[in-house]
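Here come two complexes built around chain A, the first alongside chain B, the second alongside chain C.
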Partner chain A sequence: MIHLPDQLYINASSLISQQVVYKDRRPVFSDQGSDLQGFLRSAYQGLQVNYPKFYKMDNLSKLGWLCAEWLLRDHFSGEVYRPQDVGVVLSNANASLDTDIRYFESTRQFASPALFVYTLPNIVIGEICIRHHFQGENAFFIFEHFDANFIEQYVGNLVNNNILQACICGWVDCLGDGYKAALFLVEKKPGPQAMEFTAENILTIYHSDNG
Partner chain B sequence: MSRPTKPISVLSDNIISPLGRTTDENYRQLKAGVSAIRNHQDQARSPQPFYASLLSQGLPAPDLSSPGAYTLFEQLLIDSAANALEGTGVSLGDPRTVLIISSTKGNISLLESDPGQPRPLERISLHSSGLRVAQCLGYNRAPLIVSNACISGLLAMLTGMRLIESGSYDHAVVTGCDLITKFILSGFQSFQAVSARPCRPFDLDRDGITLGEAAATVVLSALGAKQDFIKIRGGSVTNDANHISGPSRTGEELAMAIGHALQQAGLSPSEIDFVSAHGTATPYNDEMEAKAISLAGLREVPVNSLKGYYGHTLGAAGLVESIISLHSLQDSLVLPTPGYNQPGVSEPIHISSNLQPLMRSRNFLKTASGFGGCNAALVFGR
Partner chain C sequence: MKRQIIEQLNMQDITPEDIGDDQPLFVEGLGLDSIDALELIVLLQQHYKIKLSNADDGPKVFRSVRTMAEYIMAHQAQNA
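For the complex of A and B:
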């Protein structure tokens, strides 16, 4: 007997691109006046949360952490899940190369352990898990371009097989001043803003910055 | 959590390390008690002498200006995958085969060019080097690349298992490699994490890791279910959600991954015949693992760490250590833990300190943990 997978839902999305933050495809924050560093700082201040650890993170982690923060505002109630039922599956093109370059520059003077720890792409997953106390499956994949079909298939599998009940998934990429982050909250039951979790909808949201 | 809908067989495997270029060569050396860890004096990597297991020592850097030239990282993946595929009947040209690459740092050595020289950032990108490897192996798509710190190798195999289970593919070729360059060595040294002696996992005097270089490959398949291949029976990944560079204080999260993996395999802890632990020989990692093994109900089960043979081979570690354990299961032996002399963890777990025969050799558990708080557990069995 073939068991068809259940329909899953994107209950929230967040996108950070070209100095604009989008929540559920609507712009919610913008600061065109600064470079990436300055933008990340002002976007953090715009959230009005107190999380001093943010300042210790590298740009990739700041970007992913901020995107997750916007994603989970308002209509995510973490308390309905056990920590091990929520996972994070991310992807990007440049792994941790942005910080790899900074770290290697530091070795010419004094190798910095505070930078070295960020020379792995999955550290951003760790930062998101620490913030929201998610303990479920986590994985980081490298693609040249965002692969919505893979995300649909891989995350769909984790949730449909009850390995996870909810998953934060998407793309967090950063190299120099080039960056983009797009995160999706995938759950079994549709929320008020729900879109069906399909590769097509994932891509529509991913491109909603017209980029 | 659902059981695997079909058994996933490990059809074939390969390890390339300083101990040999096939799994058989490697396994024979380990059985004879040979370690690949040596003292090295190499200014290009470190101002001080260091212990490591190195493949690249003395090899000239390839001239990448000629088209078709491969870096050592790329060449090792190609050689390892090609060797593992020999005689399996599995082809990377088959659209039902997926290629999965595991690495933490890939071609990062290319960042170490002289200041002022242009850095080949494109070639450092894992998707770019992965594509070259894939094309050389006759795989005409982009490979799937896993880069998830020190659990990369186990996560890559688990991903292969899931892609086969879901019916997307029939076969998965899972290959991994990392090289110990100045970048990686200086980083672990900056953490004060590298031991001044060969590493001593779970030992009272353990004081840090030894790094190592290797490439390794497994060929997984939904076929061969009725044959005598070792199967991947279950697997799980968890996150500590506690600290990005320090392991959990309790081991509960690794224990949870072990519990999920056992549950998926349909096994109780008493059905596990030995555990191949991560056992990096840092004070905190081994303590956390001992707590997790104890919490998971595996206190009586022999546990080894293979880091004393190979050092920590990073993105290859999960593959290398699973492959060696799989062969030792077939050989009804549990390997010792080189460097271990006296108990140095708070839980009374059973560290394997001698080559010993297994009374029963049905299943083993492989674990790993890494930066970012990640933990992985895989169960292999007949």
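For the complex of A and C:
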């Protein structure tokens, strides 16, 4: 007998693109007057949380951390799950190249230890997990373009096989002034804003900034 | 030097006035971590041309802003 995978749900989404933060496809924060660095700082201050380590992160981690913060506020109660039941699966096109270049430039004078620790793309996953106490399966994939089909299959497999009960997944990419982050909260039970976890819906959300 | 520490460690929500001269820099004080310790070593090299030759001196030198300043002044007096 063939066991069909259960329908999973996107219970929340967040998107950061072109100096705008979207929560569930609605703009919730914007700062068009800044460069990326300034925008990330003002978006953090807009959250009104106290997390001094934010300032020490590289841009990729700041971007992913902010996107996760918007994703999980209001909709997510961490107490429902054991820490090992919540995982993070991310992808992007430029790995940690943005910080790799900055670190390489720092080595001309004094190699910066603070930059060096961010010269891996999966550090952003660590920052999100530390903040929210997640200890479940995690992975970071590098693709040329955002791949909704892969996310649907990979995350669907993790949750349907009970390796995870909930997963934060998506895309966090940053190189120079170019960036985009799109995160999805995937769970087994539908919440009030739920969309079915399908590649089509993932893509619809990903492009909701018209980008 | 407090300003240099803030800049080196990218502590954007802290002003020099927030750091006490004798406040511990690590754990219960300013809450710095091991990466910050490496950055402080870079700060000494970059701004004061001081290489911390003995790693065991680290906890003593980086206990507070005052101990850092004393270490720098002692080093400068030695090389004057």
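Observations on the structure shown:
Everything below uses one rule, namely that the second predicted complex is superposed on the first by the 211 of 211 C-alpha atoms of A that agree within 3 Å, B and C clash if a C-alpha of one lies under 4 Å from a C-alpha of the other, contacts with A are read in each partner's own complex, and residues count from 1 in each chain.
The definition used in the following text is that a contact is a pair of C-beta atoms (placed from the backbone, for glycine too) under 8 Å apart; a residue touches a chain by one contact, two chains touch by 3 or more.
Predicted, not measured: the structure shown is a model, and the values here were computed from it.
On the superposed chain A, the positions of chain B and chain C stay apart, so the two partners fit side by side. When the two complexes are overlaid on their common chain A, residue A:88 makes contact with chain B while staying clear of chain C. Legend: residue contacts after superposition of the two complexes on their common chain; A:137 is shown touching chain B, with no touch to chain C. In the superposed pair of complexes, A:112 makes contact with chain B and with chain C alike.
In the superposition on chain A, no contact is made by A:9 with either chain B or chain C.
With both structures placed on the common chain, the touch criterion links A:206 to neither chain B nor chain C.
In the superposed model, A:120 makes contact with chain B only, not with chain C. By the touch criterion defined above, A:41 lies against chain C but remains apart from chain B after alignment on the C-alpha atoms of chain A. Judged by the touch definition given at the top, the superposed model places A:171 against neither chain B nor chain C.
Chain A is touched at more residues by one of its partners, and among chain B and chain C that partner is B. Taking every C-alpha of chain B against every C-alpha of chain C after the fit on chain A, the minimum distance is 7 Å. Looking at chain A, you'll find residues 111-113, 117 touch chain B in one structure and chain C in the other.
Residues 41, 52, 55-56, 109-114, 117 of chain A are the ones touching chain C in the complex. Looking at the complex, you find that chain A touches chain B at residues 83-84, 88, 93-95, 97, 100-101, 103-104, 107-108, 111-113, 116-117, 119-123, 125-127, 129-130, 132-144, 150, 153-154, 157, 161-163, 175. Chain B makes touch with chain A in their complex at residues 1-2, 104-106, 108, 111-112, 115, 119, 121, 124-128, 130-131, 142, 144-149, 155, 159, 162, 166, 168, 182-183, 186-191, 236-245, 253, 256, 260, 370-374. By the touch criterion stated above, chain C contacts chain A in their complex at residues 9-14, 31, 35-36, 38-39, 42, 45-46.
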